[in-house]
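Below is one structure. I have some questions about it.
The first chain written gets the first letter, and so on, giving A, B, C and D; residue counts start at 1 in each chain.
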Amino acid sequence: MGKPWKYLLPLVLAMNLTAGAAVAEKVKFGVLTDMSGPFSDLSGAGSVEAARLAIEDFGGEVLGEKIELIFADHQHKPDVGLNTARQWYDVDGVDVILDVPNSAIALAVNTLTAEKKKIAIYASAATDRLTEDSCNGYGLHWTFDTYSQTRGAARALIEQGIDTWFLLVADYAYGHSMEEAMREAVTGAGGKIVGSVRHPLQTLDFSSYLLQAQNSGAKIVALASGGDVTINAIKQGREFGLQQGGQRLASLLTFITDVHGLGLDMMQGLQFAVPYYWDMDDQTRAFAKRFHERTGKMPGEAQAGIYSGVLHYLRAVKAVGSKDSDQVLTWMRDNPVEDMFSRHGKLLPNGRMVHDMYLVEVKSPADKAYDWDYYRVVSTIPAERAFRPLSESACPITKGK
Amino acid sequence: MANVSTTVAAGVAPASGGDRTRTLHRAIFIGLALMLAVAPFLVYPVFLMKVLCFALFACAFNLLLGFGGLMSFGHAAYFGMASYVSAHAAKVWGLTPELAILAGTAVAMVLGAVFGALAVRRKGIYFAMVTLALAQMVYFLSVQAPFTGGEDGIQAVPRGRLLGLISFADDRVLYYFVMAVFMGGLLLIYRVIHSPFGQVCKAIRENEPRAISLGYRPLHYKLAMFVLSAGLAGLAGATKAIVFQLASLTDVHWSMSGEPVLMTLIGGIGTVFGPIAGALVVVSMQNYLAHLGAWVTVVQGGIFILAVLIFREGIVGFIAGRLKQQL
Amino acid sequence: MFELIGITPQVLFGQLLLGLINGSFYAILSLGLAVIFGLLNIINFTHGAQYMLGAFAAWMLLNYAGIGYWWALLLAPLIVGALAIVAERLLISRLYKLDHLYGLLLTFGLALVIQGLFRNYYGASGLPYAIPPLLSGGHNLGFMFLPNYRGWVVVASLTVCLTTWYMIEKTRLGSYLRAATENPVLTEAFGINVPRLVTLTYAFGVALAAFAGVLAAPIYSVNPNMGADIIIVVFAVVVIGGMGSILGSIITGFGLGLIEGLTKVFYPEISATVIFIIMAIVLLIKPAGLFGRAT
Amino acid sequence: MAETARNVAQADPAPQLAVENLHAWYGESHVLHGVTFAVKPGEVVTLLGRNGAGKTTTLKSIIGIVGRRTGSIAFAGTETIGMVSRAIARLGIAYVPEERGIYASLNVEENLMLPPQVRPGGFTVEQIFELFPNLRERLASQGTKLSGGEQQMLAIARILRTGARTLLLDEPTEGLAPVIIQQIGRTLARLKQEGFTIVLVEQNFRFAQSVADRHYIVEQGRVIDMIANDELDANHDKLQTYLGV
């Protein structure tokens, strides 16, 4: 024995040493995302591209050094995600982790980020625990959360008389947060939850759950899953004749990629809240055009959010003249976030970035005028009402202040 | 896999070894300890700790296969369950890390005793299937049991202080603890193999009817081996939970059961040191090919196929054959 | 009576029917495994990946060649079966003289490679495959709304299982297969080409998996991971039924689907685990499986 | 042809089966150490010898189901030492193994119909039923539910169907009642009459004497002697030392 070590160890050593040699003042972003799984359309390669666009728009350099960008696929495994993040912070010199489309992994990264005094900007993790009980100030929640998705839309639906709800929930951090938020929002608006069921994250067959939903007699079956899982559930709901039975299926956290995937036929008339729609004004359209040229798709909510987050961070680094996390964060909080994504944007001390949200309605196939023409903006939900106010936040570092 | 280990052992020196073999083994142990002692100054300690945890896991698996003749395809159950228990004990009960790890190991042994009692009644491929299916039962329980945190796992597990005194916040401090656990586990395995108990297990593996006629009860020996192996796998899993501050479904998933199989196959089935080499290769590969995403699976599968088709003796088995020494 | 135990007949019958549908997949897959195991003595770990390949073959036929569901039902098993022949000749056949566990390891590795490749090219999120127009829609059975397609799955898989059983137990070709399973050496000494029989049997078992894959495509969407987890359940089904027993694997497959459906009604928390619990009990009472011969 | 068979082996120009310097191994153990003998067309010869002498292994080597074998086995002039067993069978050799090899998972009819025809001119099913009337009634029974005698008849019957003219029979009388042994003896006599070439492994040398033309004595993996059937009585003492009877 001994021999394989003799050959292998130097190899391992060499690889590690080179990896460890990071220059101190170089700013480095790491996009920790889903490159191949159910959320890869709404985040994934598009998120990486959005970050790249932001870096380019900023000029590609800060503090006299080239800005770097790396990415990795967390495969929806908390251990893979956390280990990648740890290695990025410890060995690869990453300053900011971006995106993290999986609430469980985001929560794990959040703890680690505070421990290492780095910064994480979440664009596609939905759980509001990031800025509530698990909040630490170093994790910034940029685009939406379970609160922002449930409040406005639930009220709108209940006002139309859709007041008995059945919840079909993905059994992980996001689903649990969403379930809680929906319970709050629905009962708060005078509706009633008549049943709920939790399913594993990557469920393929919903038949048994749909049967329970049908038997509950609820007027609406609300999904808290997201991505392909939601798409599958909606399809199978149709297969099992939910509509014939007079029930509606709705997903309050709907991404434009879901609408694109399912088609207007299935989605028309649905209302929900979005943080961003590419076809709102010239600014959003200009960005969308450039994004589309690179990826062949219109930017989604999370992707646009990443662009905004990266830009705001880089501005802070430039203004402060250092990438010291505490100084940078102070600047980020003290200055408004205004760009093509964010209107009336402000970063709260708990890490929540509040900005205007929009209640949209999915167009009918007949109303669609061009590709990706999917939404009609019904109303703007102003920033201070769209998100949970700081006074109600359970965040331990801001509570009682 | 009786044939497997005998074919490997066939080209090697007699089992009793000799003074020369013993001296060589002692030298390897000391060399290994020295190498591990300096390693964290050269290599990222978290990576090293991962290698050590998996090396111990693979050694535990190999104890059962290489020396007990039983191939388990469900060792993730013990590894993962111990990882959950240890994480839970450290986080919720606030136990010190060494107690949390002991708790995890103990639970793994109990689980091993229950599953082992069921599984050792079968042999060969049946044994593999039964262990696999039992492990999958643990997986589904872990998905649903509240204490495991389902898809989220148990996160933010505190590393804590050894005996309540020495803080494990520093990676290097923790590393030396993990190294001690690993070396302890390895020494235990080594002693067991060379004990009278180990010799009886070997006799059973090679010729069960004969062992029965000599008055041994194979089921008892197999079960004891199984429990020991499960316990050591649990020790590895419990330690990993403290290192990474996380216990998750990955640890109990059946693909985790495949990892020690691959490591042992690459390193050399039925060799004492083979699984360590195998773990180093596999973990390094996973680490440095991580950016390739799903290609890692493809490469790993390819290695599986090649190892089975053309390199069945494994790295250490190959070297042992060349040196005509048991390693 | 139903009201007494707090369960409506709607829920009970509905879940039982869904259980039967799941059981259809268990039955076809475990049948294929049993056929292969009988002759090759190999637990085909690639079975799940080959099930997935069947679904992908159907998807590719549709998207690259414009060939629809009904032809895919025939062609996909043939294509995947042909691939299985290559795999058997090139890889698996080299291991027959070794411990059977090497076969398990090899097919495990092969499954990793296949699943990894498809994840790379097609992502893990699944591709849509529409229900054929002839079978879209559904019927209201009173206790539940049964989509026509799911009804078809039960019919198709029952037909395939019983045909397979008949072929193996009652035909000339089947008698060759049984003879080769029981005593391959003697069978070959009669002038029967046993290696070819082995290759074809493997291909046939795999083709069954591919057929199940095509059946599954419209239900589950076509996903590189679709076979990864179901295969472990099917292993448990095979262990319960007794390895190598043809009729045993069919009955156990459907039976366990039903039992799973029942647990979804009465005790949903253990529905994913119930098959494994049954397996443990069977192992305690009848180690060779319900229909297996003692080994 | 049957008459010429009584002459010594080397006098005949074309043996049906010629085994020369045959070595065979099971795994690591070397079982045959140079077996040499020949069988002429239409001849019935037996291999006699103690248990473990290598008789069964010799038959297995001829049909090609022993792990490793070297030397030469020529069948009707064709060298078969490198051939796989199914190819050897296809040349027209059929084999009845020790303990008959009836398949438990096949019924009697399936057992009967299993071996494929390798040559034209095999027995028809009707002819077989004439020879073994018992089989006709038991067609639907499971193969191993037959009595030992019936199983032996089935084992012989199924190879007669194939058209093979050279038969290798491994202890066809083992464990059978005298009446049955007589029936099998009659069958072999008829086959001999029809010109079949038969190699018989026997322990029961009374039976062997009643059917065979010549006897080869096998000991420790070699053929050590050959005794013509009509000289058997004269060599009784020699035989006794060989076989220990």
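Assume contacts are C-beta pairs under 8 Å (C-beta built on N, C-alpha and C of every residue); 3 or more make two chains touch, one makes a residue touch a chain.
Nothing here was measured: the structure is a model prediction, and the numbers come from that model.
Participant: Supply the minimal count of touching-chain steps required to go from subunit A to subunit D.
Facilitator: Shortest path length, in steps: 2.
Participant: What chain sits nearest the middle when you go by CA atom centres?
Facilitator: Per-chain C-alpha centroids ranked by distance to the global centroid put C first.
Participant: Once you count every C-beta pair in contact for both, which comes out on top, B-C or C-D?
Facilitator: Looking at B-C and C-D side by side, B-C shows more C-beta contacts.
Participant: What's the farthest chain from subunit A if centres are computed as the mean of the Cα atoms?
Facilitator: Here the answer is chain D, farthest from subunit A.
Participant: I'd like the Å distance between the centres of subunit B and subunit C, where a centre is the mean of that chain's Cα atoms.
Facilitator: Here subunit B and subunit C have centroids separated by 32 Å.
Participant: For subunit C and subunit D, what's the span in angstrom between their mean Cα positions?
Facilitator: Computed value for the inter-centroid distance: 45 Å.
Participant: Once you find the CA centre of subunit A and the CA centre of subunit C, what distance in Å lies between them?
Facilitator: Roughly 38 Å separates the two chain centres.
Participant: Quick one: subunit A and subunit B, Cα centre-to-centre, how many Å?
Facilitator: Distance between chain centres: 38 Å.
Participant: Using the touch rule from the top of the page, what residues of subunit C touch 2 or more other chains?
Facilitator: Residue numbers touching two or more other chains: 119-120, 124.
Participant: Residues of subunit B that contact two or more other chains, please.
Facilitator: In subunit B, 143, 293-294 touch at least two other chains.
Participant: Considering subunit A alone, which of its residues make contact with at least two other chains?
Facilitator: In subunit A, the residues touching two or more other chains are 36, 75.
Participant: Taking all chains into account, which pairs touch?
Facilitator: Applying the touch criterion to every chain pair yields A-B, A-C, B-C, C-D.
Participant: Can you name the residues of subunit C that touch subunit A in the complex?
Facilitator: 8, 10-11, 14-15, 18, 21-22, 119-120, 123-126, 128, 131, 138, 140, 144-145, 147, 149-150, 219-221, 223, 225-226, 261, 264, 271
Participant: Under the stated contact criterion, what part of subunit C meets subunit D in this complex?
Facilitator: Checking each residue of subunit C against subunit D gives 172, 175-176, 178-179, 181-183, 185-194.
Participant: Which of the residues in subunit C come into contact with subunit B in the complex?
Facilitator: My answer: residues 41, 43, 91, 94-95, 98-102, 104-106, 108-117, 119-120, 124, 232-233, 235-236, 238-239, 243, 269, 272-273, 276-277, 279-280, 283-284, 287, 295.
Participant: Along subunit D, where are the residues that touch subunit C in the complex?
Facilitator: 63-65, 84-86, 88-90, 94-95, 97, 101, 103-106, 110, 113-116, 118, 159, 162
Participant: Quick check on the complex: what are the subunit B residues that touch subunit A?
Facilitator: My answer: residues 28, 31-32, 35, 39, 42-44, 46-47, 50, 143, 150-153, 155-156, 171, 244-246, 248-251, 271-273, 277, 280-281, 284, 288, 290-291, 293-294, 315-316, 319-320, 327.
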